[in-house]
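Written below as structure tokens is the structure these notes are about.
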Amino acid sequence: MTTAPFSLARRLRAGETVYSGWSNLASPVVAESIAREGFPAVVIDVQHGLWDVASAFAAIAGINHAGSAPVLRVPLNDFAFVSRALDIGAEGIIAPMINTPTDASAFAAVAKFPPVGERSFGPHRAMALQGRKVPVDYLREANEGTLTFAMIETPTALANVDEIAATPGIDALFIGPYDLSTSLSAGKAQDITAPEVETAIDRIREAADKAGKIPGIFCRDAERAKAMAKRGFRFVTVGNDLGFLRESASAALKVLQG
Amino acid sequence: MTTAPFSLARRLRAGETVYSGWSNLASPVVAESIAREGFPAVVIDVQHGLWDVASAFAAIAGINHAGSAPVLRVPLNDFAFVSRALDIGAEGIIAPMINTPTDASAFAAVAKFPPVGERSFGPHRAMALQGRKVPVDYLREANEGTLTFAMIETPTALANVDEIAATPGIDALFIGPYDLSTSLSAGKAQDITAPEVETAIDRIREAADKAGKIPGIFCRDAERAKAMAKRGFRFVTVGNDLGFLRESASAALKVLQG
Amino acid sequence: MTTAPFSLARRLRAGETVYSGWSNLASPVVAESIAREGFPAVVIDVQHGLWDVASAFAAIAGINHAGSAPVLRVPLNDFAFVSRALDIGAEGIIAPMINTPTDASAFAAVAKFPPVGERSFGPHRAMALQGRKVPVDYLREANEGTLTFAMIETPTALANVDEIAATPGIDALFIGPYDLSTSLSAGKAQDITAPEVETAIDRIREAADKAGKIPGIFCRDAERAKAMAKRGFRFVTVGNDLGFLRESASAALKVLQG
Amino acid sequence: MTTAPFSLARRLRAGETVYSGWSNLASPVVAESIAREGFPAVVIDVQHGLWDVASAFAAIAGINHAGSAPVLRVPLNDFAFVSRALDIGAEGIIAPMINTPTDASAFAAVAKFPPVGERSFGPHRAMALQGRKVPVDYLREANEGTLTFAMIETPTALANVDEIAATPGIDALFIGPYDLSTSLSAGKAQDITAPEVETAIDRIREAADKAGKIPGIFCRDAERAKAMAKRGFRFVTVGNDLGFLRESASAALKVLQG
Amino acid sequence: MTTAPFSLARRLRAGETVYSGWSNLASPVVAESIAREGFPAVVIDVQHGLWDVASAFAAIAGINHAGSAPVLRVPLNDFAFVSRALDIGAEGIIAPMINTPTDASAFAAVAKFPPVGERSFGPHRAMALQGRKVPVDYLREANEGTLTFAMIETPTALANVDEIAATPGIDALFIGPYDLSTSLSAGKAQDITAPEVETAIDRIREAADKAGKIPGIFCRDAERAKAMAKRGFRFVTVGNDLGFLRESASAALKVLQG
Amino acid sequence: MTTAPFSLARRLRAGETVYSGWSNLASPVVAESIAREGFPAVVIDVQHGLWDVASAFAAIAGINHAGSAPVLRVPLNDFAFVSRALDIGAEGIIAPMINTPTDASAFAAVAKFPPVGERSFGPHRAMALQGRKVPVDYLREANEGTLTFAMIETPTALANVDEIAATPGIDALFIGPYDLSTSLSAGKAQDITAPEVETAIDRIREAADKAGKIPGIFCRDAERAKAMAKRGFRFVTVGNDLGFLRESASAALKVLQG
């Protein structure tokens, strides 16, 4: 099981659909196990999960070891983490709450080397994990080989979605349907099937398509993920580790109590 | 010993005085032990303490386990940590150096869900610790059930204290008397009983009262904490773990050498 | 969700059947999550899992926090760990490869206070987790309140099973069917339904019953666990965390590829 | 604040009385803080405390950094840990439940280099902490410079105390009064002032004196420690970190509620 | 081996040249070992290294223990970390990508107490490591005793270099030649000997000299470091831990295969 | 860079000479980096190094990730660790101080499955790292595919060396020349070139050859390693991580001071 570096970017840029795992529990072995089960990418969710820097860095290596692409969602506005995660070997970064073109540019600035952005050079760990020896090769390939996912999940972001999509250095839009539901309902609901959410989802996918960027979306289960892929999304995340664990544990308990 | 979720907010909003422990040493068991001794809340001080993300998250669970309310002081301007700590189960957040209404709004934005702020939804761990099953219940109750403490500790903050207190989503003012002394003395003193500090302390408490917000203050020992409670403060922190440890160790050494 | 200390011993000594979760992945939150899903006990498997001392101790607290009973399987012959785990709050200890009455006595010696054994006194953490204040209460109740599970999983152990069961301080027998299969087949098989394994399973259960001890067994899934409970086993473990994770991940992948 | 290596042995072998701190909480900074407060030695209690290997090793360095002597109590019969802790820089080892001359010899074997024992050579970390460059200097000085404390805490040990004291490579006897009370009362009491415990304490001190070994004892507080020093004990431990913490926290709470 | 607090500042302010080690591998013992080998300062590189908060804080203590000065490079724009690292005992902070006077002021604000900046007071750990008892002494001495290194590594920074150097609270300029090469070549090269890089290096050193600030530079090996010292640089970093490790391992492999 | 499972055993059983790295510093990334530099095996030295269970397990995965074979030296008599390390993916185990045939049998018992030994089955992590799906395949191949190295390093072991070598389940003899020197000199020397050490080294190699087992030896540097390979040793360890680090750091300092 070998890892071709930058495989996620290659597949998505070639138009493939990629289903990704998702991990909150801050256990590198758990994230790696999801990868080993067959997901070609796994998201390490630092925004809402239990991850810290050390566990996230270990998980990047573990997912890479499993032959899968590590993707990392950074905390809100934590742009320093964007560069750090790429240095350590993340192949994609999801940044939450990219609401304006300014947000998008700030994200791209730390994720892309000059001339696109201002990312500082220091990918020692990424190079080791990828078996690289020549720094300038990494420098030359990384802007194309790693991916920036700008999260669209507020009314402001919706209003700016075309400009965000058009921002140089932004490779993909990624929908957070739960925050979209919360903000579109003014804090009253968590209903990702509400009509205004549905409309927004289509609007964002169209903006991505128009700008030639990759449309992505978070899904709680495989049925919805499959539906979203049919609807045109190409980076589609599926469930999460805690959900997987609870689902099986709950099923076992039902058998025992049945 | 059970934890009623959001008990700290309930008690403080009901007008009670709450004395809180304080922990710097980055040991979850130490913080939990202070809680178990009888403090109804314990502050995990990430700004000046040794805490990192992993130890702070473990301490939130430990304090909750002890039936006490975990409160977390974030590092300077680390607004990403505000949301993360709430997601993990903190019942209050202290943000240092809230000097302007802009600072206050930025703090509220990440601490409160729409329509008050823009907090992103993901409190999986908080829900587990609180025994909740229904996400929308957390969404509905969290803005009221968790507390934002804006630290007032500079001349600029003093000048803006009424506006800060009036900022929607700010629940409490919290005085840092040592930084107040430092800044009011232009870096010359650490004298929290200087007249200008005393005046400032009263000024801040009045601003909180006027705006209907909770006045809070940091105290190095129980005598002063009690005095501050009499003076009208309602969230009053008492000493810290290192101080507790050194106090008893020193007393033992005195006996041995006596 | 409160934890009545020593609930596992009380239930099993009263003749109830208890299904227990099982955790290998060395993530305290994973173990706690299995407990929260509804298992009244969870085994922290230090013998074959990834646990170290620090993570195991954190998991003991986490499972206790979830209102479930922490049980710990120690590594082979690691009798020092038996006492340590009990000190930290484990309510049961599973010791592998208890092949002779001597092994059984050595196990009991470290698990039971005088006069039954020679366990050293120091349960500070267990007392904190159980809300106890009086050390001598713990001393008085712990021999009855915590459980020793002697694993029977070799031909030698089978030959000695009645004496092991009769050893003072041994509360339960616990079958490891996979090692039983391996050793009964001289290293050729992992077949827990082979006739000689089936016969051994019955033999061990009868030995437990005859000696008035609790019969227990490891099961990979809920169907078999239920069958074993019907067959008279009363401490029955069900699957494990990695299996739960893989099962759901695999199911999701099947939907996606379907 | 510099650490003269092997200062504890030098002082105790010269006939001085040394009061030592005690740490259970598995926080290197807590142990170091007790040292900094003025204790010339601090015991890292791995037997009954929360320590694991990594935290214990970090604490050895921290206590050394504070200019104090790190001493480590190993878990029951964990003789591998004896050598490891010495390699990392412990200046003394307390081994629990040394009940027979055989136990004592086994302890000495792993703690002393040939010809006294069979300790394997590898003190890289100890040498770094002590500022040594020449391995053979460590080899030559360590048998004298580090200390073995054999715990006497059972009736069997009492019966064998003279032979244990006479064992080559055993430098000191160390009384565990709580286990002594437990075992002498057949598990009924934790009364360290019972007459049979008092008699045993004197008996053990006399055995140490007669064999020219250092008598030591565990004490829960400074008053008793002082009394024991007057009674002739020379390595006297005083309280512990959790006790220190609780004592001050409790005093603060009393003021607040007063 | 004792640590005189603030020795790095004293030596550099006195005009001495200081060669510093550099550590990426997030192992406190590795960083400490480099210090012990004889480097009077060691940089903990959090920007591009594997360090997290907990390991970086442990490394600060370890380097201090070795009698060397801990310096920490913070992640991009992570100004909260500046104060935290100083609180824990760092004697210097390197901040990357200080491109404008505004960046420089923001850096100084968190690193210097009033009246120079707005650093909040809480150096409990630094005081312990430095053997201090009186907080106001630290307050009085820290602005002079700790150092801010502003990294100049982009065309924008070059254009602003005199103003950055003149910013109150900025003590030193520190050149990042690799990012300078990258940005001056618009992302095409990693050539630190290119003429435009050479010119920039001189330009920055002159700006530092003119403003009376310390000129510093990152060097990959000792030859270049020595050359840079001759060229007038006074804080010169030399190689890094991974490079040291690989160099010796590679040399050994060459012998083996030779 | 892929890892063929059990490559170390295959190569050594085929008569090849394998040079191995050695790691004490308890940093998984350091151990992995030595592997990546080109060593086909790396020893994780838990006996004399700083490793704990968690770091050692992470290092096993890291070395495997680098395409190298993880080997682990367990602490003295820590036979429980033997099985655990194999479960996690170690391809060889070095056990110190195997002085008698009884020691050798006890080592083999925990390292080999029936019928050779009594190793308990649970290699979940090893199977994941090796990409295996079928447990019984691991069971069938592991006795041949993993290696036991019995350390010969005392006069007693020398006297028993033929019987130790002949013990079923012992695959290799591994010489510890420093302990051999210490014990042969009755604690006076660390001279691995002394005549009695030289004689012993030859004696042990011959015993291995005669029994058809692999002869191995610890060497501090590459020159000696090469000489030992010429002398007939086939598993030859070379230096260690701390030595590598110090060697390069020292060389850099010499250049700087030259």
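Details
The first chain written gets the first letter, and so on, giving A, B, C, D, E and F; residue counts start at 1 in each chain.
Operating definition for what follows: contacts are C-beta pairs under 8 Å (C-beta built on N, C-alpha and C of every residue); 3 or more make two chains touch, one makes a residue touch a chain.
Model, not experiment: these values are computed from the prediction.
The minimum number of touch steps separating subunit D from subunit F is 1. Where touching is counted per the definition, the chains common to subunit B and subunit E are A, D. Remark: among chain pairs B-C and E-F, E-F carries the greater number of C-beta contacts. Listed options A-C, D-F or B-C contain a single repeat of the A-E interface, assigned here to D-F, on the basis that more than half of the contact pairs agree by residue number.
Inter-chain centre distance (subunit A to subunit D, centres taken as mean C-alpha positions): 52 Å.
Averaged C-alpha coordinates put the centre of subunit A at 33 Å from the centre of subunit B. For subunit C, the set of residues that touch two or more other chains comprises 26, 29, 33, 50, 52-54, 125, 242. Chain-to-chain contact here is organised irregularly, matching neither a line nor a ring nor a star, and falling short of all pairs touching.
Touching pairs of chains, sorted by label, consist of A-B, A-C, A-E, A-F, B-C, B-D, B-E, C-D, C-F, D-E, D-F, E-F.
Interface residues of subunit B, counted against subunit A in their complex, comprise 52-54, 57, 79-81, 83-84, 87-88, 110, 113-116, 118, 120-125, 135-136, 139-140, 143. On the side of subunit A, the complex with subunit F involves touching residues 1-2, 29, 32-33, 36, 58, 61-62, 64-65, 125, 128-129, 131. Note for the complex: subunit C touches subunit F at residues 24, 26, 45, 47-55, 75-78, 96-97, 153-154, 176, 178-179, 182-183, 185-190, 242. Subunit E makes touch with subunit F in their complex at residues 19, 21, 25-27, 29-30, 33-34, 37-39, 50, 221-223, 225-226, 238-239, 241-253, 255-256, 258.
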